[in-house]
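What follows is a set of structures to go through.
The two complexes that follow have subunit A in common; it is paired with subunit B in the first and with subunit C in the second.
Our next item is the complex of A and B:
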């Protein structure tokens, strides 16, 4: 290459006529498909009936109240938040054990990760629910929490865990998701710890730091920065995965949607509305996390 | 090397899996009835199916099933708690002790009975046939439908289609993706009749008086027996629920409730966001 050759032009940032034409073609295609649906499908669309299950105008109280689908969305969100917290704790411990020197710790954490990652989620959920949770929860007394005690009968409990009557149901779904997602977080944590260069370990040891000090003050602060972005992504995945626990009748968005679809017989409207709700939730989180990542990247300099 | 790998991965994995199965404690000797009394709530497993159990506009559960379970709990002096459960997993959920009893319009079948106990039936549902008045003029018995010139529509993959094949092997069968389409063909005069679970054909014919009627003098083509399902090994609870059904059949309460939900929709259509 000649040193006098001009540099390649900057990529264009504006849409050309051809781009617009192609977009128009796609939109027209989608619109035509939507139009054809009504021809092929003998179906009476009725969106209002499904929207009533999102928000309902209460005649007696004269105000809007949440109905099944919105309540389901809140349950899904609660499920995701708690499951992420517990999955992060499991992942942190197991991920650290994965990098330990002790053989026993490595065996335990490796067995956990491989066991969870190599069976399909649905199978895991059935095994967990029917064999483990039905034995463990009664043994711990979770199946009969006192609903009138001041610990339970307050607004904070409602915000954090939802309806006390469904607490066991909620707990089963949450623990199930946490154990399941914990395996993936374990691997994220392990990768984060192992991504820190060998030189850091050696330098730490050279100045006489103990293993605990070394981890706490040198390795971990650096690893956390690398762990956070994939962790945020895992959180969004967890929200979507939470739909699977509807199979064991956890009263979250997908399960309540099947109930609404069965009652109203408006199957397509229900699932399109529910799909939209999941999208809004996950996309807004993705945007938020993207924003946070950008800020973190700037502050690091 | 290979052996080490076996010890580091497969063995612990297998050990954890086995531990999960072995640790199941034995069923307690206490009867379910005492357990329900102590707990103060009867937990009922059910699944949404119109008009057995469905959601009202407020999102609450209503239906025949709900009335029955509420009365059972009332007579036991306890509260009722409904556990909506996916139909495919309802028997495993019962065995896993997620609730005490299934009151969910479950038909008695010998296969199911091998896994769970059934009470005596508390309802008898079945399949009904809605026929086009004009096309079936002069038809005297069900045998008239067993003719290649007769078209019967039904929903693909459901019991009605196999029933139609069994009862009318010579008739022309047209399969559709949902009940509403199959029925639309009858209204339009493209099919002589359609078969579906009771009471839907009756509701349809009520909506199109003079055009459509329920064939076989309004009687069901087949009969089902719906009963409560319980875990095996508890004769006391089985005896209680069976006799509850016996008493409420004799005093007419079950029939009255069944008629309210199944005979026509006028009593409850406003409660539920249903297609009219």
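Our next item is the complex of A and C:
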């Protein structure tokens, strides 16, 4: 044998009896559920009724227009993007405070994180809505933004925030989600900062960098690279979590879906369609982020 | 006698209840090369890390170039700029190119322009014989090259004194010589150096004095000839016989 002999082939992976058995179980389970719904429940399926609420044919204009469910999906996406931006800002500040030497900073940030993480999201949202948004927003005048303001009546505003008449509603949901998710991003940021070894701090100090410069030039740039992947994951989590703000009547996908389900009485179809929409959105984002991460990892080499 | 550049008097440090350093007295004159050796855990690294206050001391005083350094003091950055430090694990900034590692200090601390900082950085990279790697990232260099970059980075701040904390301990054997050569050159140019190392050949060649530490105390201070030839204390004899035994 010489060095040029090719290596022995890798053993092929094949299906075992156990695999086939498990497959069979899954298929049987699905079939049974379908049988129950079809024959025992005697449910009258009508997908078209629900699809009409995704896209609707406008007789007057003679074109397809988005209907409630698709509009809800867009609102959910807008909510998620804005809430992530603000949650990231909150998380960056609070996450840094978590690692600070100052006692007050650490107490504030720790209290924030623990408070949010140890209250059920639904409870937090009600507290937020009744005590904060319904008091603070009118005081700041946000509830009048839809009236007599020329700057809200343009396409850009629609793309960024949706219907101006629902802006206060949107803002309440967005701020609520941002505060809620900010606590989780705080922990991501803290972990990112703490993952930077002591040696980096010491090397920065040893050449006489001030604390501000040390953070800005040495610690944060390295931390951000470690934070981005979990932050992308948190963005997807936020999309799913955004469903709970439907409880305070924020007009996003889940809220509108309850309305559609009630109007059409097509409960199964509505929730299956909505589930599919969330899945497509979140899964395609997950695939995209995974792809970007791989590319970033390769380019770093 | 000239005024000492680094003066340590009655220095004590505890980690909790553990006494890490006890009553250390040491003064280093300008241009002097001091090698600190001793068994691991003897407090060598802790001692030199106190000089630029990466570790804080609880008792005694440390003076660098006439300024006393104290824990929590304002303006410690000012003093750190005049004290270069080289670490065992290099601690280069991995997200910056080699030359950026060198220029960040002068640009941020001294307000130097980018082009001037780069010019000076290239000069030092040439001195440590690594100029052709200037635009690579630290992870693309060997350990020995990284440590030479770390030395150049410290030199860029034009320090009055250089601290070396076991600079060759994390290196593969074939990389050690290159780093030691750079350090010997630096010594020949008259740089004040405090070096924690196990490289006895280096100590013999370069050191003006050898400080032997054990269990947080200075046990013996000698010229290299005396220390390696006829150490006075039993502990130093034991240490040397273990080190040179194989």
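The rule is short, and it goes like this: the second predicted complex is superposed on the first by the 265 of 301 C-alpha atoms of A that agree within 3 Å, B and C clash if a C-alpha of one lies under 4 Å from a C-alpha of the other, contacts with A are read in each partner's own complex, and residues count from 1 in each chain.
Rule of thumb we're sticking to: a contact is a pair of C-beta atoms (placed from the backbone, for glycine too) under 8 Å apart; a residue touches a chain by one contact, two chains touch by 3 or more.
The model shown is predicted, which means the values in this text are computed figures rather than measured ones.
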Answer with clash or fit: subunit B and subunit C placed together on subunit A by superposition. fit
Would you please give the vertex angle at the Cα centre of subunit A, with arms pointing to the Cα centres of subunit B and subunit C, as a multiple of 10°? 150
Check whether A:19 is in contact with subunit B, with subunit C, with both or with neither, and answer first, second, both or neither. neither
Mind working out whether A:206 is in touch with subunit B, subunit C, both or neither, as first, second, both or neither? second
Once the shared chain is lined up, is A:53 touching subunit B (first), subunit C (second), both, or neither of them? first
Tell me the contact category for A:134 with respect to subunit B and subunit C: first, second, both or neither. first
Name the contact category of A:110: first (subunit B only), second (subunit C only), both, or neither. first
Report for A:293: first if it touches subunit B alone, second if subunit C alone, otherwise both or neither. neither
Quick check on the superposed pair: does A:247 touch subunit B, subunit C, both, or neither? Answer first, second, both or neither. first
Looking at subunit A, does subunit C or subunit B touch more of its residues? B
Using only C-alpha atoms, work out how near subunit B sits to subunit C after the chain A superposition, in angstrom. 16
Residues on subunit A touched by both subunit B and subunit C none
What does subunit A use to touch subunit C in their complex? 197, 199-200, 202-210, 213, 217-218, 221-222, 225
For the complex, which residues does subunit C have touching subunit A? 52, 54, 77-78, 80-81, 83-85, 87, 89, 91-95, 104-105, 108-109, 150, 153-154, 156-157
Subunit B residues touching subunit A - in the complex, by the definition given at the top: 7-9, 12-13, 16-17, 20-21, 23-25, 39, 48-50, 54-55, 57-59, 81, 83-86, 89, 92-93, 95-98, 180-181, 184, 272-275
So in the complex, which bits of subunit A are touching subunit B? 42-44, 46, 49, 52-53, 56, 67-68, 71, 103, 106-108, 110-112, 114-115, 126-127, 129-132, 134-135, 138-139, 144, 165, 169, 246-249, 251, 255, 258-260, 262-265
